[in-house]
Every structure is written in structure tokens, then in C-alpha cells.
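Both complexes below contain chain A, partnered by chain B and then by chain C.
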Partner chain A sequence: MAEGLDTEVKTNPQGDVITATEAPKAKEKENKAAKQRVVTPEYLFFEAPRTKTFITGSEAAKEAIRRANVDIAISYPITPQSETMQQVGYLYAEGYLKDYYRGEEEYGVMSAIAGASRAGVRALTATAGPGLMRGMEVITSWPGGRMPLLLLVMCRVINAPLAIQPDNVELSYLLNSGVIVFHAENQQDFFDFPLKAYMISEKCEVTLPVAVAVDGFFVTHARGWVELPPEDIKLPPRECYHEAVPMMDNENPPARLSRDAPIQKSNFISYQMHASWQQEIWAAQDRARPWIKKYMGGLVEVVNPGAETMIVASGSAVSQSREAVRQAGEKGDTIGLVKIRSLRPFPTQELIEACRHAKRIIVPEFNCIGWMAKEVRSALYGQTKAEIVPGPRVFGGMSMPTELILEYLYKTPNEGRMTTKPLTV
Partner chain B sequence: MATATGTPRYQVLPGPEGLLPPSACAMGVVLPQDGEGLVEGVLVSEDKAFKAAARAMLTRRNPTLFPGPLVVWAWNKHTQEKASVVLEIAAEIPGVKIIPMPDYRPIYPKIDPEAVINPCHPNLTIWHNKIEACIFVGVHCHFANVTLKMVRAGTNCYTIALCAEAGHEDAMASVPRCGTEKLHKMVEALRQVKKEGLTPWALTPDGKRELAAERAQKKKQREAIAAAAPQFAHELVAGLDENEE
Partner chain C sequence: MSLETLRISPGFESYMPKEYVDLVERGPYGRDVKVSEMGTFKEVIEEHPMCAGCAMTLFIRVALIGLPCPEHTVILGTAGCGRLVLSQASIPFIYGNYGDTNGVASGLKRGLELRFPNQTKDVVVMAGDGGLSDIGFSCVMHSWFRKEKFTTVMLDNEVYGNTGGQESGMTNKGMVLKMAPFGKKFEKMDMIGLAKTAGVAYIARLAPTNPTRIANVIRKAVLIAREVGPTYVQAYTSCNIEYAIPTPKVMDDARAVEKDRYGFMEIISDEAKAYLERIEQEKKTKAKAVAGSTVEA
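Then we have the complex of A and B:
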């Protein structure tokens, strides 16, 4: 037994093996974090050598935050987000972040992170499903406050019935909040998008919060290949004195520049100012477009442009669609695919261009209501004669077999079951 | 540079444009890059933008500078240097007014439109002073954009934004990344336009008449206020002597 002590396997109350590594000792960590050097975003994104690693989405996000020069992270645990923020906790222990704590719950978290952003530091939070719903009131105040920050959204079912499984209906609530929203397809995106989101979020003409969403479990808890730049480099710090609004600086004059009064008390500002303010939020979204093109390679990625049948999707639905496109290709059919990276701002012009030759467009989604199909129909209204098929859709934790996508590609939904004949029993 | 012919283009022109005009950005106007400026929604060279701004400030009625917090408050050396150049700009515009936007908090119950401009209701200042050309400088971009749209909605003022950052689609003329060096180009543009023979509005018969009438009216107002002031006003102006026994 004595020999076994050295290799004791720790388990959680359910008996699962605990594989998480211990946080490294203080001296070692501080050194690594302190030795990071600031590089240009262009170098980090496009020029730095990359090493291929096989990691989970949560670990990919952790590696992004390690290189993002983040000052503070605040969150409240909720599945499937908890693991990512636990990983970020290790970064704090290693000295990569200046502050890190658990808020009371999501309303408090979203308020606290707003305070951090207003104070001029680079801020991170994350949530999922019901947590996003709980924090939504505060989240919708971020764009009006012109607060650059990063919100990671690990999508899951919104209760009830209670479930923690993959489903991205929550994103439909985020789309009209004024927050910029990117939807990551895989682990690589979940590494790249957060880093790029910070740079876009903090551009003066943008100065808006960015949400990077990912489909929970499919990406957060599954491993995939991720190409990582070296960990001894990081993004430049936030330049809070070069943003669209004054940050709250209580130590330097003019302290009277606090922006609380106008935005916290609507009855103190004119209706016209409020209207102009709202227009400005959406104008700022539009101003993010050139930066999304520069850093992310565009609001969309198009596979097989010019195809007569196109799939339009975002998030994990893209991965499944890629496989469906490959399988259709084996049969000799060319199917196009539009991956929508940016849900807000929405790539209306890009979509019109990509679907110019389409006769049939299908929109696979991981939610019941089909928010993406509505977005696509709205964007293409009057711009295409193609049939837009809203589906296939799965939800409540279901996965999407590629066969289902192929079925939609080749058949009319519910074929053989629709009739105009009177019902006879 | 010009936009493609045949494609309808939104023009950013002096208003009044209506109750709630769209943001110019939403109508497809894009921000200028280095070396460029915007005039009425069209990308032009920086020099052309400065010249258009200079012409507007020298030919339109009651030209006014609206300096924002980033030049009004001397909180660092750069701010002070920039403020000096803004004063040089003012010195080149005969009859110019300087009305600051010192901060962005609402001023209630009522602003003094001769003393300040406030982003909650900038049009009060513009209407009261009959301003038909103005320069916003040192105003944080968000508040400048909010203000510029409201001004375009309700007034006939030609708005110019000399911006330290990316520029402003909602202004009729705008130049981005205006540090002290670029602000000097505005001074030069004003001098150049005058050299070309343009008579500034303030020196035209109409301008002279209007400014003289305004001076006379203000004098009258001051006298009326002094006459109506209560006896203890002196203490309010001079301050109470706290050490008085």
C-alpha cells in the first residue's frame, strides 16, 4: 500500500478520475507571465509560428486568454461554462491576470464586469444559457455604455425543463442587444475569436462589447486540433484613453467626466438624444465590419461559391455541414457552404453575394425557433429567387447527424407526409 | 476620390433633415483612412477636407468653435498644446465664437446657450446663436456622433469634426487623427482660403451689421441684469469673507 501512495488516483464524489493538474507553484508562474512580451495583433494573429495541439474548447479559450493581456475576469459558474473559467482561474494563479473572482450570480457579474470595463481595464466574463438570461438586463446596458469587454457564451438549453445540454436558442436574445456577436465553429475558432474580439471591441470607432459564442459541450468539452502561437507573447494592453467615451478615472482630473448621469437616468436626457444614442450603437456595429474583415478574414467563409445549393450556418452546425458537403461531393454533387462568423453585425451583403447563384438554400441549426433561418430570410428578402428551407433543426441536446443535412439537401422536408386530400380514417 | 457613378449615395448635408435622420454610417458612409477626409459623405484628400472646412467657417453665418473636454481641461501637456492650436484656428476666423462642451452631463433646468453646448440638446445653442458653421474638436467620439446627428436633424448648421481618432461620418466635413500637427493644417487652410480672396462673413456688410446688433443687444442685457440685481449680489460675486468676525 505504501508504494501506491505516490500514484494515488483522486476521484470526485461520483467516482470520476480528477485529471485537472494542480496550479503551478507561485515562483514559476509569475516568471512565465512576467516574461511575456507585447507584440502587435497582426504578428500574434498572422505571423507568429504556431504549434498544433489537441485540446478542448475550454482549454483553447484558456490559451487565448493567456495571450490576451486580460486584466480582470469575473464570472459565476454554470455548466458548460464553468470549466473554461476554472481554467482562467489557473491563469490568475499563474500571474497572467491581475484580478479574478466569482460574483454573486450573473446579474452581479455582468454589473461588476461593466464597472471593470468603465474603469479602463481589459475585462472578461463568461456564462451560459440561463446565466445569460439572468444577466441579460445588464448585458443590454453595455453597448449603450460603450463598454469594450469580452463575453464568452457557452450555449446550452435555457430551462425549463431543466437541462444542461447543447442548444443555442439563447443567442436569439443576444442578437438585438447591440453587443457584437461572433459564433465559433470549433476549438480553433474558440482560440482565435476571443483574441480578435478584444482588438475589435477596443477600436475607438467601435467601443462595444463583443460576445464570442460557442456551442457548449460539442466544442467546450470535446478535443480538437488547435494551432497555438507561442505562450510568451501577448496582445498590447487596452488603450482606454483612446475610446469613444471617457473611461471613469476617479484619480485624475477631470473627474467630472463621469458618464453615469446621462445613461443611468433616462429622464435627464432628451428623447432625441436617446434616439441618436441608439443609432450610434448600431453605427458602431457597422464600423466593426472593416476590422472583422481585417482580423477574422471576413464576416463569412464561403465554400464552393457559385453552387446552386447552399448551406448557411454558424457554430457547430458549420462543422456538421462541412461533412455533409464532403459526403455530397463524394456523390459528385457540389454543395456550397456559407459559414457565418459574425452574427452581429450581420453579413447581409456577403450573404447576398454568396447566394447569388443559389436555387436552394438550407439553414441547419441547433435550436427550436430557427433564428438563423429568420436572419437569412430577412437578409435575402427581394434579393434571391432561391427556395430557403428553414432546417434541419435539432435542439434540447440532440446532435445533428450529417445524414439529416443530406436529407434536407435532396428532399423536401416532410416529403410523402403532406397532402391536400380530405382526412379519412 | 469619388463614389461610383449611378449608385445612389447618401449626402451628409446641412439640415434641417427631419425628425430622426439615419446615421450616415448606416447609409453607407465610411470612415476616412490616413491622409483622407470626409466631405458631405464622400472620401476626399485630407487637404480638400481642410479646405472645405475652412470655406464653410469663413463664409457661413456665426462660425463657432465647440471645444470638448479633451481640449478644454488642461489635464496633460498634450491637451494644453492642442488647446493652443485650437485658439490659433479661432484667431483666423473673424467674428468667431467659442462655446465649450465642457462635459456631457445634462444641464437642467436650462442651459445658458451663450455659455455652453450640451449633447442632450445641442440645437438650443445653435438656434439661439444662429450658428451656421461650427467645428467640434476635443469631443469624445460617441458624444460627437450623438450630437452631430441631432444638429443635422434640426438645424442648417454646417458641422465640422476635427477628430483625434477615426473621424465622423455624421459631420459635413471631418478629418481623422487630428493631433496638433494636423490642426495646424486647419490654420493653414484658413489662411490659404483668405489669401485666395475670400471675404469672411464677419467682414461682409451683413456680417458686420449682425455682429454689431448682437453686441448692442448683449450690452443692453448686461445693463438690465446689473440694474435688476439685488443689493446683496456683491457678496455672491466677491464671495463671503469667512474670517470676518
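Then we have the complex of A and C:
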């Protein structure tokens, strides 16, 4: 009987094999982490030789964090994010991070990350859907605290009825928080963007938190080709004294955000102080643009510029659109595509430029409300005569067949069976 | 090194405000100051906007004297009366979001430990009963369960004073306050018991009737948090406005409440006790050595 127990394969209630094992023995692997050498961001991003691997989005994020010289990561499980932060836990066990713990829930985690950032260390956390909403009170205070840090967002359904499926409606809540927001299209982006996000976040003229979002499951749980630089190199450490606000470390006079908190006074000077502080956050977002161009190759990627029909999308909607563009190309039609990498700051000028020749613009999205369509319309208002079609949109876990995008490319939404109404807002 | 940030640049001495010069020359930094020496050194609070006769202000003023190393201390607070005076002290203060103190303190303390392995940085949360037992409850409890190395001080005025007198979890049963029009329907939360359950290394309950005791309790709590684990101080700091205590009677009320239900109490773990004894012994040995060298000289 005892023998039988030894060989029993344990499964969880869903029938999956439980793969929990003992923590890796730190000593064996510590050396590898200790042997990593610091290289310039430029070398790591552009010059280091890369090896092609076929890995999931979560694994891509893990490989990014391995090379990101992160000091502390604080985790809290939520599907589909958990996989990434538990992988980061293994990195901690292997000596790649100095501190790591599982927090109480997202409000506590986002608060603790704020504390770590104010202490001057490089900090990481990740969340998804409802977790993002739970942490939102804290997240919206990060930019005002001018805290460089990285938040990974693995988008999923947030609304009732409860579901864990992919849907990125949560990003619409993040867009006006003051946090810089990048939207990764695929596994490669989910490796590259986090590394670049840290470097942009910590620039003196930026000094803002960065969120790197990705569509849950489609990217996090699916494999894709990722070109990885060697694992024995890492980014330079955070240099907190080179940033815009002092650390709360008693080594220098602190920023008197607290003493001069506008809440304590009701007079014009305090209103003015709060107002200028908010303006400064958005000015700092603008100052991130040159760094996004330098490190990420621009806020947008444009395929077939000058086409009369353009698709504007971010995240996984871009991948589906690429395929639709290819299929249309086979029929002899040239369709343009604008991939938006940076949602905040938003690439208004780039979009105007890319859509200059457009007569028709379609905006495919993985959410019900069509936040990207609103962004596009708002950016192009008065700048284009093109018809801006808000769709196609899928949500609640649906995938977006390229046929659906092609239908939108060739028909107006009110034709035939396509009854999706234009945006009402 | 942090004292360097206070130092006045040569040539500017005569242009700095008197209060600042006093802070540099006669402040509590880099030395031990006692409550009995109040008046002979510059305190870290120059002025504040608190109500006349506020017991919380007295408590905070004395508590800050108890900090063993104010030049390497960061204080965290949340919405409430306490932060109005804490934010005026010449000790770095983080005024975060509602009820986030113990979450932020966890990350801050760990971050500071990573950056300064050879310099202890003390982290102290000082917030109200609402901030810690209601809105910040989860962060408080989990910081204790995780054994985070910082001190939590509850300024317990048994009411939401800053927002105008609403019932809190720490209000006594039966009290009629705003949002409790028929009187509070459940007992005062037993945060001391919860701290005990969570394995807090040092727990103290006190009323602000004995200034020396306040400073001593804070000193012990901060020292134990450095080495052993989380510490919790719960202080009765009445709200004379919302509880309509006449200003001259505030201390009478403190003594009456202390006698009735808020008597001085300490719960200290064996490990914490041993640690305190060890540092007291080291201090004595050091003093002896200094005395010896003086004699020789």
C-alpha cells in the first residue's frame, strides 16, 4: 500500500496533474544568477545575439524578468496571471531576485509595491481583470507619487457574470490613471516590453510607473516564437537618485507631498499645486515618447502605409489583423495596419500621419465597449474624412476569426447580417 | 549620513530660520533624548493644526521623543487626524491611500533593507482606529502574519474624528455617533487579541497619562521591530470634540478611561524579551567602558 502511495499521481479537482515540487535548491542555481553581468540597455535590446525559442507568454515574461535586474517582486494569484508570478518566484529561488512574497490581495500588493518603489528598489507585480480593479485605488496614486515600477496586466473578463476568459475591457480603466500603458501583441512583445518598460519608467524626465498589458490566455498560455538574448546578461540596476523625486530613505530631504498635501488646505494655492502636479504627470508621459521611440521602435508600427483602408488595433487584435491583411493581399487588396504599442502616451500624431490617405478605418477589439475605437475617433477628430468603423468587437472569451475582420473590411456594419451598431458614445 | 541632509551649508547659518538652526544644533538626532529633558532640546514638531486640548497630539509629541533613531525613521500614516500633526514633523512621512499603511510599510521596509544592509532604517506606522482596524484591517493583519519588521501604532480615539464623528470598529458598544443613530451594535474590536493571535512580538496598550511610559513603550516597540518581528502599540487618544470632553478635563478623562478599561498592558514574546535584555546589557557595558576611559583620561 505504501508503495502504491509513492507512485500515485496526484491531480487537482479539475483533473490536472499537480506539478508542485520542492523549491529548487538555491545553492545549485545561485551561481548562474550571480554570474550574470550588467550590460547597457542598448546592448541587451539591440546588439546581443538572440536565440529563437518556442515558449508561452508567461515564460517570455519570466525570461524578461530574469534579465531585468529586479530587486523585489510581490505576487498574488489570479487567473491568467498566476503562472507568470509563480515563475518569477522560481527566479527568486534561483537567486535572480533579492526579495519576493505572496501578498494579501491586490490592494495590499499594489501598496507594498509603492512602498518598495519609494525605498528606491526595482519592483515588479502583475495582476489580471478583477485584481486590477481591486488595486485601482492604489494604482491611480502611483503616478502622483512619481513611482517607477512595472505592473504586468494579463487581461481577462472583469464584469459579472464572472468569467476568467480573455477580454481587455479593464484597460479602459487604466488609460486615464497617469500610468504609462503598453499593449503587447504576442510572446515576443511580452518579452521585450517589460525590459524596455523599466528603462523608460526610471528615466529622470519620466519617473512614472509603467503597465505592460497583454491579452490573457491568447498570449500568456499559448506558445509563440521568441528571440531571446543570452541569460547571463541583465539590465543595469535602478539608480534611484537619478530620478525626478527623492526616495523615502532618510538619505536626502523627502518630497513634501505629505506636508503640502492639498487635502489639508482649501485655498487657491493648494488647488493650483494639485492642478500643476497633475499636468506634470501628463507632461512626463509626453517626455516618455522619445524613449519609447528609441527603445521600442516607436509608439506604433505601420504596415502598408498609404493604403486606403486601414486597420488600427493593439494587443492580440493586431495578430489577427496581420493575418486578415495577408489574406486580403492574396486577393490583390492592399490593406494598411497600425499596431499601437503605447496606449499611454497615445500616438495621436503617428495615427494622423498613418491614416492620412485612409478612406476607411476599422478598429477590431477584444472588449464590449470599444475603448480603442473611441481613442481613435478622438485622436482623428477633424483630421480625417475617413469613415471610422468601430469594430469588429468580440468579448467574454471569444476569439476573433480573420473572416470577421475581412467582413468589416469589405462591408459597412449595417450591411447584410452585420448588425453591430456604431458606437453610441 | 541622513544628518547631512539637515546640515546648514557654510555661510548660510545666519540666514536660516531660528527653528531650523535649533533643529540642527539642539535636535534629537544622533543622540538619546528623554522625556524628562523636554524643554532642553528641540522637538521634531514645531507647530500643528490640531484641536486645542487634543490628547492625540500630546501622545504623538511624546511618542516621537521615544523614537530610538529619528534620523533613520520613516513614518507612515493614512487619512485621519494623526497625519495632520505627523506631516508637520521633521521626520519623513508617507501619507498614502486609505488604509494602505501596513501594505506600503511592508514594501518600504523590505526595500530599505535591500538598499541599506548596514544601516537600520526604522519604519513606523501611526494611524487611527478607523485606518487600522476598519479600512486597513486586512493589510494590518497580514503584515503581522507575515512578521514584517515594523511598528504599528494605533491612535485610538474610538471614532472617525477627521471626517466628523462616525462610529468605528473600535468604538464602544452602545455609543451614539454619526452612522450609529441607535448606538453602536457590536463590541469594540479586540485588536490586542488579534495581535496576540497573529504572533506580534510586542504588544502594548496604554493611555497618555504617563509621558515617560509613552516614550519607553515606543522605544521598545521600534527596537523589537528591528530584530524580532512586528510590534503593536494601541493608545487611547480621546477625541475631545466628538466625545464632548471639556478641554481642561481631557487628562481626567484619560485617567478615568485608563482605570476603567484602558490600563497599561504589555505582552512581550520571550525572544523579544531576550533581545531587549541583550541590548540593555550592551548599553551598560558601553557606558562602563566610556566611564572607564574618562577616569583614565
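Everything below uses one rule, namely that the second predicted complex is superposed on the first by the 374 of 425 C-alpha atoms of A that agree within 3 Å, B and C clash if a C-alpha of one lies under 4 Å from a C-alpha of the other, contacts with A are read in each partner's own complex, and residues count from 1 in each chain.
Assume a contact is a pair of C-beta atoms (placed from the backbone, for glycine too) under 8 Å apart; a residue touches a chain by one contact, two chains touch by 3 or more.
Just so we're clear, the structure is a prediction, and the values are computed from it rather than from any experiment.
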Partner chain(s) touched by A:118 [first = chain B, second = chain C, both, neither]: second
Touched partner set for A:273, first chain B, second chain C, both or neither: first
Contacts of A:410 with chain B and chain C, given as first, second, both or neither: neither
First (chain B), second (chain C), both or neither touched by A:43: neither
First, second, both or neither for A:54, with chain B first and chain C second: neither
Touching partner for A:74 - first (chain B), second (chain C), both, neither: second
Touched partner set for A:146, first chain B, second chain C, both or neither: first
Touching both chain B and chain C, residues of chain A: 252-254, 257-259, 261
Contact footprint of chain A on chain C as seen in their complex: 1-2, 5, 49, 71-74, 77, 83-84, 87-88, 92-98, 100, 102-112, 114-116, 121, 138-139, 141-142, 146
In the complex with chain C, residue positions of chain A that touch it: 71-72, 74, 98-99, 101, 103-105, 107-121, 123, 137-138, 141, 248-254, 257-259, 261, 264
Residues of chain B that touch chain A when the two form their complex: 20, 22-26, 30-31, 69, 73, 75, 103-106, 108, 119-121, 140-143, 145-147, 149-150, 153, 164-167, 169
In the complex with chain B, residue positions of chain A that touch it: 146, 203-205, 207, 242-246, 252-254, 256-259, 261-262, 268-270, 272-273, 275-277, 279-280, 282-283, 286-287, 290
